[in-house]
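So, here's a batch of structures to check.
Next, two complexes with chain A in common: one pairs it with chain B, the other with chain C.
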Partner chain A sequence: METFIQSVVSGVLTGSLYAMIGVGLTVVFGVMRIINLAHGDLVMLGMYGAFWGLTLWRLDPFVSILLWVPLLFLGGMLIYRFLLKAIIPGGELNTLLYTAGLSLLIANLALFVWSGDYRTIKLPYALSPMRPFGIAVPVPLALAFGLAILITAGLSLFLARTDLGRAIRATSQNPEAAALMGVNVDRISMVTFGLGSALAGAAGVLLAPSLYLYPTVGEILIVKCFVIVVLGGLGSVVGAISGGVLLGVVESLGAVYVSVAYKDTIGFALFMLVLLFRPSGLFGVGKS
Partner chain B sequence: MRRAVPLAAVVLVLVLPWLTASQFTLHLAITVLLWTVLGVAWNLLGGYGGQVSFGHATFFGVGAYTTLILYLKLGLAPWYGMAVGGAVGALVSLPIGLVCFRLRGPYFSLATLAVAEILRLVALNWEGLTNGPVGLLITALPPVRIASRPIDWESKTPFYYMVAGLALAAMLAAYGLARSRLGAYLLAVREDEDTAEAVGIDTVRAKVVTLALSAFLAAVAGGFYGLYFRYVDPDAVFPIALSVEMVFIAVVGGLATVAGPAVGAVFLVTISELFRERFLVGHLIFYGLFMMLAIRYLPEGIWGGVRRLVSGHAPS
Partner chain C sequence: MRRLCVFWVLLSATVFVSAPAPAQETLKIGAPQPMTGPDAPFGDKFKKAYGMAVEEINAKGGVNGKKIEVIIEDHQAKNQLAATVAEKLITQTKVLVLTGGRASGQAVEIASVAQRLKTPYVVDHPSADIVTAKGFEWVFRDNPTGSIYPQAFNKFISEVPGAMPKSAAVVYDNTVFGKTIANSAMTFLKSKNVPIVNDEAYAVNSLDFKPVMTKVKANSPDFLLLVAVATTDAILLTRHAKEIGVAPRAFVGFGGGFGVEDFAKELGPLSQNVFSSAAWSGNPNDPAVKEFYKKFQTKYGIFPKEHEVEGYSIVYIIADAMRRAHLTGNVEADREAIRQALLKTDMTTVFGKVKFGNWAGPLGDKYTNQNIYSPEHSVLAQWLDGKLLNVWPKANAETGYVFPDPTSKR
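On to the complex of A and B.
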C-alpha cells in the first residue's frame, strides 16, 4: 500500500509538469490549429536556461525562471511573427512539417553549441527528500509542483477573466466569428504562441533539477506531450492538465507494477487506444 | 533531355568507384544512395498519397533486425536476409496501416510516431531476440564468389553496387507506381479523401497497399544498413530522427517526383556529412534549415523547382 501511495504521489508531481507542457501545446493548437513539433525543444531551452543560470551566475532555477519565462514569451512571439505566420495559410500538414524542421534546427544548434553531453543540475537542498507521512518527496520536485499549480491556475484565471484571455478563447472557438467581433486574430495568435512558449520554458526550468539535460531531450518530451494532449483532447486546457497528471501516474504505477523498461510503452499504447476510440479525448471536452 | 538526364545519372553512379580512390567519397556515396532508397520509400506514401508518416524508422529497424537475427541465429546469408527483412517489414506494416489509417492528417502522423517509439522500446527490452541495448554485431560476412573471384567485404565497392542497385530499383518502383492505377488512386486520396471514396475508390486499401510497398523498401534499406555497418542497436535503427530525416529528404528534394528524393539525398546528406566530418555534432542543422526554407519558398522541392524552370510550367 505504501508503495502504491508513493508511486501515485511521485506520478502526480511529475504529471503536473507534464501538464504544464501539454497546456502550452494545446493552447497554441486551439487558437492556430498548429501542432507545434518544436514545443519540446522550447522546454529544452528552458532546461538549459536553468542549467546555465546556475552554472554561470549561481542563480537558483526557481529564481532564474523569472528571467527565462519572459525571454521565451518574447522568443515565441518572434517565432510566430517572422517564421510561422507565413506558413499557417498552407494548412495543417505544412505547419507540422515546418515545425518539425524548426525542432530539428533548434535541437541541433543546441547540440552544436552545448555538445551532446548529459548534464545534471545539483541543488544543495535536493540531497535529502522531505518525508511527509513517510512518503519521500524530492524538494525540487515539490517546489516545481507548487509553482506548476500556481502558474496553471494563474493561466486559467487569465483565460477566464481577462479581456485578452476571453479573446484567446473566442479565437480558439471560432476565428472568423472572433474577428467579426473585433478581435485582432493575428495579434491574439502571436500572444498565444508566446504564451505557449513561455509555458514550455517554465516547465523546462522546473523540470531541469529532476531530469538529465541533453539537447535532444525535446524529442522525448514532445512525444509525451502528444500522449497528454490526445488523452485530454487537443485544444482543451482542462484536458491537458488531466492528461498530464494521468500520464504521470500511469508511468509511475507502470514502472512499479509492470516494468521500468516498458513504462513508456504503456503511455504509447494508451495514446493509440485513445486516438482510435476516443479521438476527441478521454474526457470528451476537446475538439477532434 | 527527358531520357538524357536519367541515363547520365545512372552512368555516373555506375562509374563512380573508378573515378575516386577515396574511401570517404565512396562512403558518402553509399550513404547518399541509402537515403535515396529511404526517401523514395517514404515518398510513395507521403508524396503521392499525402499520408505524412513520422514513423518509417519502424520498417527500417524491422528490416535491419530481421536481416541480422536471421544471419546470426540461423546462418541465413544477409543478402537473402534483406529480402526476408523486406517481406517482414511489409507484413508488419499491415496491422499498423489498418490501425493508423483510421486517422487522418496530423493525427496519422502522430500515431505513426508512437508506433516507431513502441517498436524502439520493444527492441530495447526484448533481449532474448535483439540483445537489447548492446545490439547485434556481425563479425564476418560469408565468402561469396562472382565469376570465381572472391568478393572483398573489407572494400566498400561491393556495398556501393548493392545499394546503387537498390536505389535504382526503388526509383523504378516509384516510376511504375506513379503511372499505375494505384498511383492515380493515391493522388485522388491526397487531393480529397472524401471525394475519392465517394467515386468508389477503396481508399483504405490503396493506402495499406502503398504502405506495404513503402515499408518493404524501407526494410530492405534497413537490412542493407545492418549488412554495411555490421551492427544494429535500437537507437541506431529506430530513432525518431531517422523517421524525420526520410521525410525531410523527400520534401526538400521534391514530393511526388521520382527523382526528388535522390536530389534531396544528394543535397542534404552531402552537406550534413561534410559538416559532421568537421564538427562531429549538429549535422542535422541543415535538415531543419532547408526544410523550413523549402516549405516557405519552394514547396515543390528542389527537383520540382528545377523542372518548373526547365519546362516553364508546373511539374506533373
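On to the complex of A and C.
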C-alpha cells in the first residue's frame, strides 16, 4: 500500500510540472494556431535563469522566478514582434518549421555561451525529503507543486475574469469574429506568446532544482510536452493540466507495477488509446 | 536579398574558421570524440590527455623524426555521426590510425567503419564487449571490457567476510554498456545464489527515477547495483534512491557516470560511500603512475582519472607501433604495417601492461586483439569526501573501505 501511495504521490508531483510546461504550449496554440517547437528551449532558458540566479547572486530559484517570469514574458513578446509576426500569414507548416529553426538557434546559442556541461542546482534544504507518514516528498518538488498550482490558478482567473483574458479566449475561439468585436488580434497574439514564454520559463525555474540542465535538455522536454498537450486536447488549459498529471501518474504506476523499461511505452499507449476514442483529446475543442 | 547575403557571409565564415590549417608531413591519428552536447566534458578530458602525450613525444623527436598529431572530430555523442566522422577521418583526412570514441554505442559504429576501410582502431575507453568480440582484426583495445568492470566488486564480496549480498537490486540503462555490465554482475551473483530482487532496465535520460526506486524500496535489497553510462542518470539515480529512502548495505555503481568527478560535485554529501567498480586509472601505488598524476595536475589543474590515463596511454601505444612499423608514405600500406606492429605490442604505459591477444571474457565472449592484462585492470573504488579512492583489491588500494554504509537500515 505504501508503495502504491508513494508512486501516486510522485506521479502527481512530477505530473504537475509536466502540466506547467504543457499549459504554455497549449495557450499559444489555442490563440495563434502555432505549434511552438521552441517551447522546450524556453523552458531550458528558465532553468538556466534559476541556475545563474543561484550561482551569481545567491538567489533562491523560488525567489528568482519573480525576475525570470517577467523577463521571459518580455522576451516572448519580442520574439513574436520581430521574428514570428512576419511568418504567421505563411500558414501552419511554415510556422512549425520556423519555430523548429528557432529551437535549434536557441539551443545552439546556449551551447556556445554556456558549453555542453550539465549542471545541477544544489539547495541545502533539498538534500533530504520530507517524510509525512513515511511517504517521501522531495522539498523542491513540493514547493514547485505548490507554485505550479498557484500559477495555473492565477492563469485561469486571468483568462476567465479580466478583459485581456476574455480577449485572449475570444481570439482563441474565432480570430475574425474577435477582430470584428474590436479586439486587437495582433496585440493579443503578442501578449499570448509572451504569456506562453513566461509559463515555459516559470516551469523551467521550478523544474531546475529537481532535474539537471544542459543546453539541449529542451529536446527531452518537448516530446513529453506534446504528449500532454495532445492528450488533454490542443488549446485547452484544463486539458493540459489533466494531461500532465495523468501522464505523471500513469508513468509512475507503470514503472512500479509493470517495468521501468516500459515506462514510456505505457505513456504512449495511453496517448494512442485516448486519441483513438477521443480524437480531439480529453478536453479538446473539437477542431484543429 | 540582403538577409540572404548576410546569411551566406556568416555561413562561409564558419566554414573557413573550421577548416584545418595545412600542416607539414605529420603522422595523423584520428579521434572521434564528443566535443559538444551532453558528453562534451568527456571529449575535453581526452583532448587534454592526447595533447599532453603528443607534446611529450614530439618534444623528444617524434616518431622516427616525424611529428605526430591527433585530429579530433566532434560526434556530439551521436552514434550515426560517429560513423560519419570516422569515415571522414579515414577517407579525407587520411589518418593512419583511429582511437577515441568515448561511449560504446559510438565505438561500435567506428569499429565497423575502421574494419570496412582497413584502418587500425585502437580503443582507449569504450568498454562494451562487442567492440572486440566481433572478430574484427583491425580493432584493438587497451582498456578492460564492460564485463570485466564488476570483477573487482566480485572479488570484494567474495574476499571480505560477511560482504556477500543477501539480495541485490540491479538498475541499469538499456544501452550496450549498461546491459553488458549488468549482465556480467548478475551472472556472478546468480552463481553465488544471491537472489536478484529487481532487474530493471531504463532508457537513457529518464528524467524521473522515483518510480523505479519506489519499486526497489518495496523489496528492501541488501545491495543496490546501478549502471549508468550518462553522468546525469547516475546523479539522478543516486539522488532519487536516497530521496525515496532505499537504504542498502552498499550502493554500487559500475564506472560510467559513477566514476567521474561531477558525480560527487553535483551530489555533495549524497555521494558519500558510493562504490564504483570499473576500469582502473593505473596503479596509484606505482611511482611512475604517481609522477604522471602530478605532471598532469600541474599542467591542467585537474586530477587525472580513468579517461585521462587511458587517453594519454593510447597515444604512447600508437606511437610505439608506428615506431616499429616500416612506414613508406603510402597510406594504405602504412595502415597495414601499423596493424602488424600493434599485434606485436608488448609494453607498459601508465595505464598498465599491454599486449593484444585473442581470449575469452568472463561471459564467454571471444575477444580479438583485446589487452590480455585487462582482468588486472579492474578496481573497486569508493567516494569518500568527494574523492574517488581505490579500496579493493588491497594491492591497488589507496585507503580503507567503509562498509556497510552507515545509513543502511538493514
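Here is the rule we use: the second predicted complex is superposed on the first by the 276 of 288 C-alpha atoms of A that agree within 3 Å, B and C clash if a C-alpha of one lies under 4 Å from a C-alpha of the other, contacts with A are read in each partner's own complex, and residues count from 1 in each chain.
By definition in this document, contacts are C-beta pairs under 8 Å (C-beta built on N, C-alpha and C of every residue); 3 or more make two chains touch, one makes a residue touch a chain.
The structure displayed is predicted, hence computed values, not measured ones.
On the superposed chain A, the positions of chain B and chain C overlap enough to count as a clash.
With both structures placed on the common chain, the touch criterion links A:D264 to chain B and to chain C. Contacts of A:Y214 after superposition: chain C is touched, whereas chain B is not reached.
Legend: residue contacts after superposition of the two complexes on their common chain; A:S115 is shown touching both chain B and chain C. When the two structures are aligned on the shared chain, A:P129 is found in touch with chain C, with no touch to chain B. Clashing C-alpha atoms with chain C after superposition occur in a single stretch of chain B, namely 134-142 (options considered: 8-16, 44-52 or 134-142). Overlaid on A, the two complexes show chain B and chain C touching the same residues of chain A, namely 111, 115-116, 216, 259, 261, 264.
Those residues of chain A that touch chain C in the shared complex are 2-3, 6-7, 10-11, 14, 111, 115-120, 122, 127-129, 131, 136, 138, 211-212, 214, 216, 220, 224, 251-256, 259-261, 263-264. Here chain B touches chain A in the complex through residues 50, 52, 54, 99, 102-103, 105-107, 109-111, 113-115, 117-118, 121-122, 124-125, 240-241, 244, 247-248, 251, 279, 281-285, 287-292, 295-296, 299, going by the rule given at the top. Within the complex formed with chain B, the residues of chain A that make contact are 35, 83, 86-87, 90, 92-94, 96-98, 100-109, 111-113, 115-116, 216, 219, 223, 226-227, 230, 259, 261-262, 264-265, 268-269, 271-272, 275-276, 279. Residue ranges on chain C touching chain A, taken from their complex, read 34, 36-41, 171, 174, 200-203, 205-208, 210-212, 214-215, 217-218, 231-232, 235-236, 242-245, 262, 266, 268-270.
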